[in-house]
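Okay, so chain A shows up in both of these, paired with chain B first and chain C after.
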Partner chain A sequence: MSELATPIKPEPRRFGLRNMLTMYAVAARQAIIEQLQYPAANMMFMVHILIEPVIYLVVWSSVATSQGGAIGGYTAAEFAGYYIIWTLVRQFNLAIGPQGFHWRIKEGRLAAELLRPVHPLLPDLGYYLGYKVPQTIYWLPMGILLWLLFKPEINPVAWQIAAFPVVLMLAFFVRFFFMWLLGLVCFWTERVDALFELYFAAELLFSGRLVPLEVMPTWAQNVANFLPFQWTFYFPIEVLLGRVDLPEFWPGVLAQLAWIAGGYTLVRMIWKLAVKRFTAVGS
Partner chain B sequence: MSTNSITVKDLRKTYKVPEREAGLKAAIKSLVARKTKDVHAVDGISFQIEPGEIVGFLGPNGAGKTTTLKMLSGLLYPTSGELSVAGHVPQKREREFLQQITLVMGQRSQLNWDIPAIDSYDLYRAIYGIPQEQFIADRDKMIEVMQLKDLVKKPVRNLSLGERMKAEMVGALLHQPGVLFLDEPTIGLDVTMQRRIRAFIQEYNQRYNATVLLTSHYMADVQALCKRVIVIHHGKLLFDGDLTQLVERFSAQKTLVLTMSDMNGKTPDMAQYGTVVTQEPNRVVLRVAKSDAPQVTARLLADLPVTDLTVDDPPIEEVIESVFDAPETSE
Partner chain C sequence: MLKPIKLFGLFARISILNEVQYRANFFLQVLQSSLSLGTGLIVLSVVYSYTDNLGGWSQAELLAVYGVFVLMSGLIGSLVLPNMWAFMEDVREGRLDFTLTKPEDAQVLISVRVVAIWRLVDVVLGLIVLGVAITRMGLEASWWLAFAFAATLIMGMVLLYCVLLLASILSFWFVRVWELMEMMQSIFQAGRWPVGIYPDWLRLGLTYLIPVAFAVTVPAEALTGRLTPELLAGTLLFTIVALVVTRLIWKWGLRNYSGASA
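Coming up: the complex of A and B.
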């Protein structure tokens, strides 16, 4: 048998910013390789994702038409624009959900990740950033098809088009941390489907996922102001629709950043307790 | 690498598990008064492993082997006791500690199933901050040693169990850990694959003076790799010493294999000498008490036309079985 290579190095390796960026890049590359292997499955997933907004689009466009052309300030064509942008935003804010966490713990993947000298959240972040690349490729034909079918009306100016990728990424970060937070519940119990359902119902109502927030009753709009959800769907959609002016834009970005900071802090705090629990009871 | 030692002192892990009787009444009762009981998965074990040692960690299912390995690798917090691995306290899970150890579980996969192993290795490089040149050199050598050249380019899900295990081993050692915890690394593999994995572990141990704690239900693994074994049962340490001493201590019997010249069709009554394991016209295998072996051997040589006679210890599997059946006494 041939000899193995260089002898072991006793000194610990440092893990600086450069290493971290490399890790994000490699994790992102893995996600791209993985997703490109399954074009058929991904296209089917895309169709599955599109069913939800297309239903909303058809319903709300019909309601708008029957109400004399507009509802909550949206015309049928603007509803079309809203829900078509919705499909792209949905691709971008996808992140690991509680089921993913449950699988990780059950299959022993989390134990393997805990043996590595980096927080599991970091490779996850890289992975889900990379995930956006193939998903956008798969989304493009669907987006074009929807555009041709529903003839949307969107009116962004140059700065809004330029700002859209930024708020889109921030939307992803907000959702990423809160989905991680939700996933951490699995460290305590696996049977919390009711809690997850409650969370996703709240997201559906207060994020602009079901319907633009202007169409919701005032109380719902007020509640939404105290929750992170609208910054993951409604805000980026509104920016590209051209319905957010500069005085509203910057507070929106600040709100996204605040929710990212809040989500990250909560994840860090609860992660410590979760690991403590995991190492107390095992997988 | 003088720091690759493992010290375990009076290590304990107790789980609280719900206890409930069967039936509706018990189910309703458990809603208001939940009963739990303590299960001592690891019950006060102590041992020391020196740098570069390969030690077999044996015990039946549920003996506490995996729990111990998880505590040693920082995945489980001990209930009490002291642990030191490579100069670190595992449960603190410090970055330097995690860089120095690896835990391979034969029944659990760490590689991403949907992509080729070689792409997963890249992520390990980034996570462990391994310099690119060193990584490529080590990776390619390990791939060569494990004969994985084309296999690492296939998605892991397309590999056989043995191929996957070899790929897992490479992934687990790329960061050159000084301490290896191997939990059933050859489980479910055919003999050839088992042999290759064993050779790889041996090569790695010799090359890097790495400390290895290995659990396996295959005695061939233990015999090939471990001079020393630690045996635990019901969380308690039953034996810690040389494999040969284990056989000496726990084997109460000897196996006598006789070959005889032609006896003209006569069949001697072999039962008078000991327990007959197998009997053919000219060959008999007997099992006798260890203390009776010299006397029985002399009688056989005197009474029968013996052309060949060997006295062996029973197979190691049987010895281990007798260890597990022995009364629980720590040492």
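Coming up: the complex of A and C.
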């Protein structure tokens, strides 16, 4: 899913902005072409992604119903809205997983990527941006089906609908950089599974992925404020749900930008250290 | 009948000898399993901070469901899944031909080859969770209960084996089967909760298509005294049918298989 097969032809002289944009376009187009070839596999991947929120949805709406209609300010129908938007946000914040990174170092693919005149992060970025196109196409029928099955309730106003694509893209960038950062750990050790597990457990609990943060206990909400996770799930979902007003919206966008800047800086710093350690054998 | 068991014992010994060379993996698995167990327990506690009853299951009973889920994940993860991945890899790489030329039955051979022993950590953790749940429920131990639980657990495992093998057999025809396997593994996650809480369409799928209901909920029902003799008989019948159908499809698949290497 994360593989980049055809190398991009290196320009002999300058690698200017125009070449850069061409490279993104090529990587993006490649993702689109590659994924549209496998509709069945992609539909299964979609079910694989969708089953998780459906489980949460069922559990929390039955808890809400048993508690007289609402918990944490969410009714059963609003939970349905939350988790259906969740599925769309999930399509967009999908980025190269640390497993993919691990695979690419183990198989020696990274050696070839390092020979290119661009940072390997950039084709990744292009690829995953392009990947959003087939993902959205495959998501649509599922999203409509879930909508019909669970009858959600969402109340966004016009500016919230307009702002949603923006915070959605920012969410992708936050998650992209932090996943990459996690992937970089593979330069130091092979035994990464437990660390990944820890990361995803933290993401599950502190991002709003499991349940809206208001429903979590107070200690978890406090911890979440010090971590990047809520800006990748909770915040964009809440915007489209119509629960974020302007006074909360701008600080939220700023927080997303700040985490992107932080993630980017960390990736740059650690990348420099990582490449120094890297030795390739063969290929 | 004895031969497959002997074969399993032999392969298990090889796997164990292989794996104990890497003892650090054991501690990492303990760490990883404890993390995911901890996360699961936090989720349960968040649910129960709002209500004391989910679809008719009390907190202690839900803990029992979760215990069975962890136990079953460990059993499947150590005994069944690694074999399926190896089998699919063999088909892709053309190595299955070597298995087919061996005198023993090929289905038996590909099913018992690998034991991922460190995943048995989950079996231990699942048993501990179950122990705590049983104490909290104040259950009276009885032979019927123990028998019903063990029987439903084994049948659940056999059913999951059938479904996973059926999915792997598809690799005779298709290249990207791993997405299907991933999908089934994430659907299995639905077993963390009793299937009764899901809407009808989903519950039917979780019962007959991917038998999460039989694998996790039914053993938990056996433990909590919800199992009727009719349900036990029905589970037995379904298991036998699934085994026979899987066997037939395996043979049919093999007839359609033409070696990729050699």
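One rule holds in what follows: the second predicted complex is superposed on the first by the 266 of 283 C-alpha atoms of A that agree within 3 Å, B and C clash if a C-alpha of one lies under 4 Å from a C-alpha of the other, contacts with A are read in each partner's own complex, and residues count from 1 in each chain.
To be clear about the criterion, contacts are C-beta pairs under 8 Å (C-beta built on N, C-alpha and C of every residue); 3 or more make two chains touch, one makes a residue touch a chain.
This structure is a prediction, so every number in the text was calculated from the model and none was measured.
A.B. asks: Just chain B (first), just chain C (second), both, or neither: which does A:Arg191 touch?
C.D. replies: So A:Arg191 only meets chain C here.
A.B. asks: Just checking: does A:Arg116 make contact with chain B only, chain C only, both, or neither of them? Give me first, second, both or neither.
C.D. replies: Only chain B is touched by A:Arg116; chain C is not.
A.B. asks: Quick check for you: in the superposed arrangement, does A:Val244 touch first (chain B), second (chain C), both or neither?
C.D. replies: Touch status of A:Val244: no partner.
A.B. asks: Once chain A of both complexes is superposed, is A:Pro217 in touch with chain B (first), chain C (second), both, or neither?
C.D. replies: second
A.B. asks: Please indicate which partner A:Ile96 is in contact with in the superposed arrangement: first for chain B, second for chain C, both, or neither.
C.D. replies: neither
A.B. asks: Counting residues of chain A in contact, which comes out ahead: chain B or chain C?
C.D. replies: Counting residues of chain A touched by each partner, the higher count goes to B.
A.B. asks: Please work out whether A:Leu204 is in contact with chain B alone, chain C alone, both, or neither, and reply first, second, both or neither.
C.D. replies: Second partner only.
A.B. asks: Can you list the residues of chain A that touch chain B in one structure and chain C in the other?
C.D. replies: Touching chain B and chain C on chain A: residues 38.
A.B. asks: Along chain B, where are the residues that touch chain A in the complex?
C.D. replies: 1, 3, 15, 67, 70, 73-77, 91, 93, 95-96, 98-103, 105, 108, 110, 112, 114-115, 119-120, 122-123, 125-130, 134, 137-138, 140-142, 144-145, 155, 176, 178, 199, 203-204, 207-210
A.B. asks: What does chain A use to touch chain B in their complex?
C.D. replies: Residue list for chain A touching chain B: 1-10, 12-16, 19, 22-23, 25-27, 29-30, 33-34, 37-38, 107-109, 111-112, 114-118, 123, 275-276, 278-283.
A.B. asks: Any idea which chain A residues touch chain C in the complex?
C.D. replies: Touching chain C from chain A are residues 38, 41-42, 44-45, 47-49, 51-52, 54-55, 58-59, 62-63, 66-67, 71, 149, 191, 193-194, 197-198, 201, 204-205, 210-211, 215-217.
A.B. asks: Per the contact definition, I'd like the list of chain C residues that touch chain A in the complex.
C.D. replies: 24-25, 28, 31-32, 35-36, 38-39, 42-43, 46-47, 49-51, 53-55, 176, 179-180, 182-183, 186-187, 189-190, 192-193, 197-199, 201-202
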